[in-house]
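The letters A, B, C and D name the chains in turn, as written, and every chain counts its residues from 1.
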Amino acid sequence: MDEILVSHHRRPALRSPLIIEGLPGVGNVGKLAAEHLVDELGAEKFLTMHSKFLPPQVLVDDTGILRLVSNDMFFLKRKGSAADLVFLVGDYQGITPEGQYELAHRSLELLRKYRPARIYTLGGYGVGRIIEKPRVLGAATHPELVEEMKKHNVIFSKGEPGSGIIGASGLLLGLAMRLGIPGVCLMGETSGYFVDPKSARMVLEVLTAILGVKMNYTALEQKAQHIEKLTAQFKEAEKAIADSRAEDLRYIG
Amino acid sequence: MDEILVSHHRRPALRSPLIIEGLPGVGNVGKLAAEHLVDELGAEKFLTMHSKFLPPQVLVDDTGILRLVSNDMFFLKRKGSAADLVFLVGDYQGITPEGQYELAHRSLELLRKYRPARIYTLGGYGVGRIIEKPRVLGAATHPELVEEMKKHNVIFSKGEPGSGIIGASGLLLGLAMRLGIPGVCLMGETSGYFVDPKSARMVLEVLTAILGVKMNYTALEQKAQHIEKLTAQFKEAEKAIADSRAEDLRYIG
Amino acid sequence: MDEILVSHHRRPALRSPLIIEGLPGVGNVGKLAAEHLVDELGAEKFLTMHSKFLPPQVLVDDTGILRLVSNDMFFLKRKGSAADLVFLVGDYQGITPEGQYELAHRSLELLRKYRPARIYTLGGYGVGRIIEKPRVLGAATHPELVEEMKKHNVIFSKGEPGSGIIGASGLLLGLAMRLGIPGVCLMGETSGYFVDPKSARMVLEVLTAILGVKMNYTALEQKAQHIEKLTAQFKEAEKAIADSRAEDLRYIG
Amino acid sequence: MDEILVSHHRRPALRSPLIIEGLPGVGNVGKLAAEHLVDELGAEKFLTMHSKFLPPQVLVDDTGILRLVSNDMFFLKRKGSAADLVFLVGDYQGITPEGQYELAHRSLELLRKYRPARIYTLGGYGVGRIIEKPRVLGAATHPELVEEMKKHNVIFSKGEPGSGIIGASGLLLGLAMRLGIPGVCLMGETSGYFVDPKSARMVLEVLTAILGVKMNYTALEQKAQHIEKLTAQFKEAEKAIADSRAEDLRYIG
């Protein structure tokens, strides 16, 4: 099979859109922020990626209908001089290093034809302790973007994050640089111990100021609870299954 | 080598068959149920898949003859208006996520030419405790199938299974949806601690009512004991081998 | 790069040879037995396989010269009606399931052109306790081979090995069956805790009787000590390196 | 995507250069030594490799600018009869055995057109205890190189390293042998517990004598502290992330 199966639901005409990525990760900060934007702004799904680099898993909704896990793209046309937006969200990041590279690369190939003006990737910066007032840390592809972000109160702090950025939020920007597409990673500080709506809100306050959109945060807390619950169920189920099947799957040469 | 090696033993003429999948998994409920159907109905093997996504292992029968582990398809022609049946069973599921996708995808490619009317995937739903009277839970590709299954006492319960369905039983349906093939997953509740013939029987009672076949369950308990014994031997042997060879196989870069 | 890099040192003319495989495994019984045969019979190396399915490792000999780990083939032309022999030996088995399949498949592709009359694969059968008088267990591709082997005191015992045969010794025969090449696996009982020359000798006594060759076993004990020492050094070095580099190699997504 | 993405910054004209490799490894001896040479000699970067065989990670510099992890080549043209030099350095070795082979193979393909006269690979030899006066151990592709190196006080000691050489330093030489390119591995003794500038200096003293260059070691200690700090930050961050995401990434079939 093709490593990544792409389904186009629509083929929107977009003018140099801004790309906003938020996939599951530390504290689910990026996923929470990006999906809140999709919902509040009423963005429309136009593309689905299934892939053998994602878990072999279907999710079941409350009515008993299943769907294969995926990464998805949504778009929002905006009026006047406001740039169009494209959102990249999904159930999982690639589950192997190779899968991470392939999914990021393909996402950029699919987005490239729209001549994106910039990519914002959203994530959490795990610090291992509860944070009262999460800062939003940044990293960027070009010095002028660093300056621009500082005006929006994004913190650029020497040695943070010390290990760089691991996963889709970093990789999309690293690969975009090769294609000449500029970008910024916005990371909300978070403990890393649970889904963190407070950190997601800090990231969104920066991003919405940049995008020039107004945001209602009422649903954010509830969305976080929903994701938290899903995550807990996942872990329980995974544990039960892993316990019962570990030996079958172990490779013993 | 080809990732999946397909051998056709026969090329049966089938009219829009119903597909029934039961591979090893939680409590071996699906495998037990599907193989019982194959035996009781006298279905005939027509296709074997060997693959590098399965363990590098041969099984040895009681007379000393070996065979390479495989996934296999059986068929049953039925008279009059009763739909033909195809069974997908085997020794293992794919042992990596990629292998899961490739095997499910290829199985569907091989089955697609028969224009299957529907896919039933059978599995166990691990709950981590002994169940006196296992329920049969369901998930489906389309709302009308949910309604139809409810009439057969299949339970659709919000939040169960919370983590969706992992492995072949989910993946076959998720990929089938992309091809427009409808399907249902039937999951028997099970502890997940051992091979569970009681749960398999509950699944079979639902499925045989749907298929309109009569079933004798006498051999089911015995088959479960046989699988349990095999599984125990596997684990013992695997442990012995893993202990003695772990260091040789560990990658130390 | 090609997944398997094949170097032909010679292209011998062989008449339907017997193939004898002995790669590292439980108790290194197969490797020990096959390499003893190669040395005692003076077989000549004609083919080397390097592969990304083997560890990324070079071995260093006593004079400081290195060589990349490999699987190798040796041949022995025999006079009159005695069948020619080909030996498949090496430093490692494939280190992933996929690698096992690819190396076994390629080995058969390379050997197939000689129209091999039969394959003997040699291995150890780990029983987890010290064995005074190791039996030689068998498994075969065809019933007539089972009967023939019984005459050579090979034991075919119901339920042994319970989990079948894992790795190259099983896989070569499983894949050979698809090509119509008959074969036998000879397994010497062994504890699995150390390199076992006594078990290797039991296997060789059966095999040399079949092949009609005389064998001197003097060097076997010494060879076992040499392999034991190498194995111990490997494990120590691997441990040191693994300890120091584990975190670098861990994928943390 | 291509498995390895190669960017040429310059295409230097080189005459049968000497290749010097130093990638991260035991005690980071090779990386430390090779990067010190690059800095002190003012070598110029001419080629970058990004790859899905490296971690999906970007590094962030002190000004907030990110870059995708890579392997890089630098060159130094030398006057008169002194051979030109090419350095192969980078952030990581390939993170799987397959990745190790692919990166080493591609590096050689890229270097081959310059008709390299010889390859020196630099590494650490982990001994698991603090070493007062580290020896420099050697291994080579040809006996005459062993003799030449002995004159430079390189130790060739029977049974050291007992397990051969694992990773890029060994693999580059093993694959180079197939192409007829001679080479030497120089290994500085090191505990393996931390970044070891003393061991790197011992390796450099041998190598600079061979190359006929003068070296100032003042910056070496400082460079080691920098790498040590980076490594510590990596491990901390990796741990935090791994803790919070372990379950998401675990495959549970």
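Quick note on the criterion: a contact is a pair of C-beta atoms (placed from the backbone, for glycine too) under 8 Å apart; a residue touches a chain by one contact, two chains touch by 3 or more.
Values in this document were obtained by computation on a predicted structure and should not be read as measured data.
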Superposition rotation for chain A onto chain B, Cα-based, multiple of 5°: 90
Type of chain C:chain D copy interface by residue overlap (half), same or different: different
Distance from chain C to chain B - Cα centre to Cα centre, in angstrom: 34
Centroid spacing, where centroids are CA-atom means, of chain A and chain C in whole angstrom: 49
Multi-partner residues of chain B (at least 2 other chains): 55-56, 95, 97, 100, 166-167, 234, 238, 241, 245, 248-249, 251-253
Interface residues, chain D side, partner chain A - complex: 1, 5, 7, 50-60, 62-69, 95, 230, 233-234, 236-238, 240-241, 243-245, 247-253
Complex contacts: residues of chain A adjacent to chain D: 24-27, 55-56, 92, 94-95, 97-98, 100-102, 104-106, 126-128, 138-143, 146, 156, 158-159, 161-168, 170-171, 173-175, 177-178, 185, 192-193, 234-235, 238, 241-242, 245, 248-249
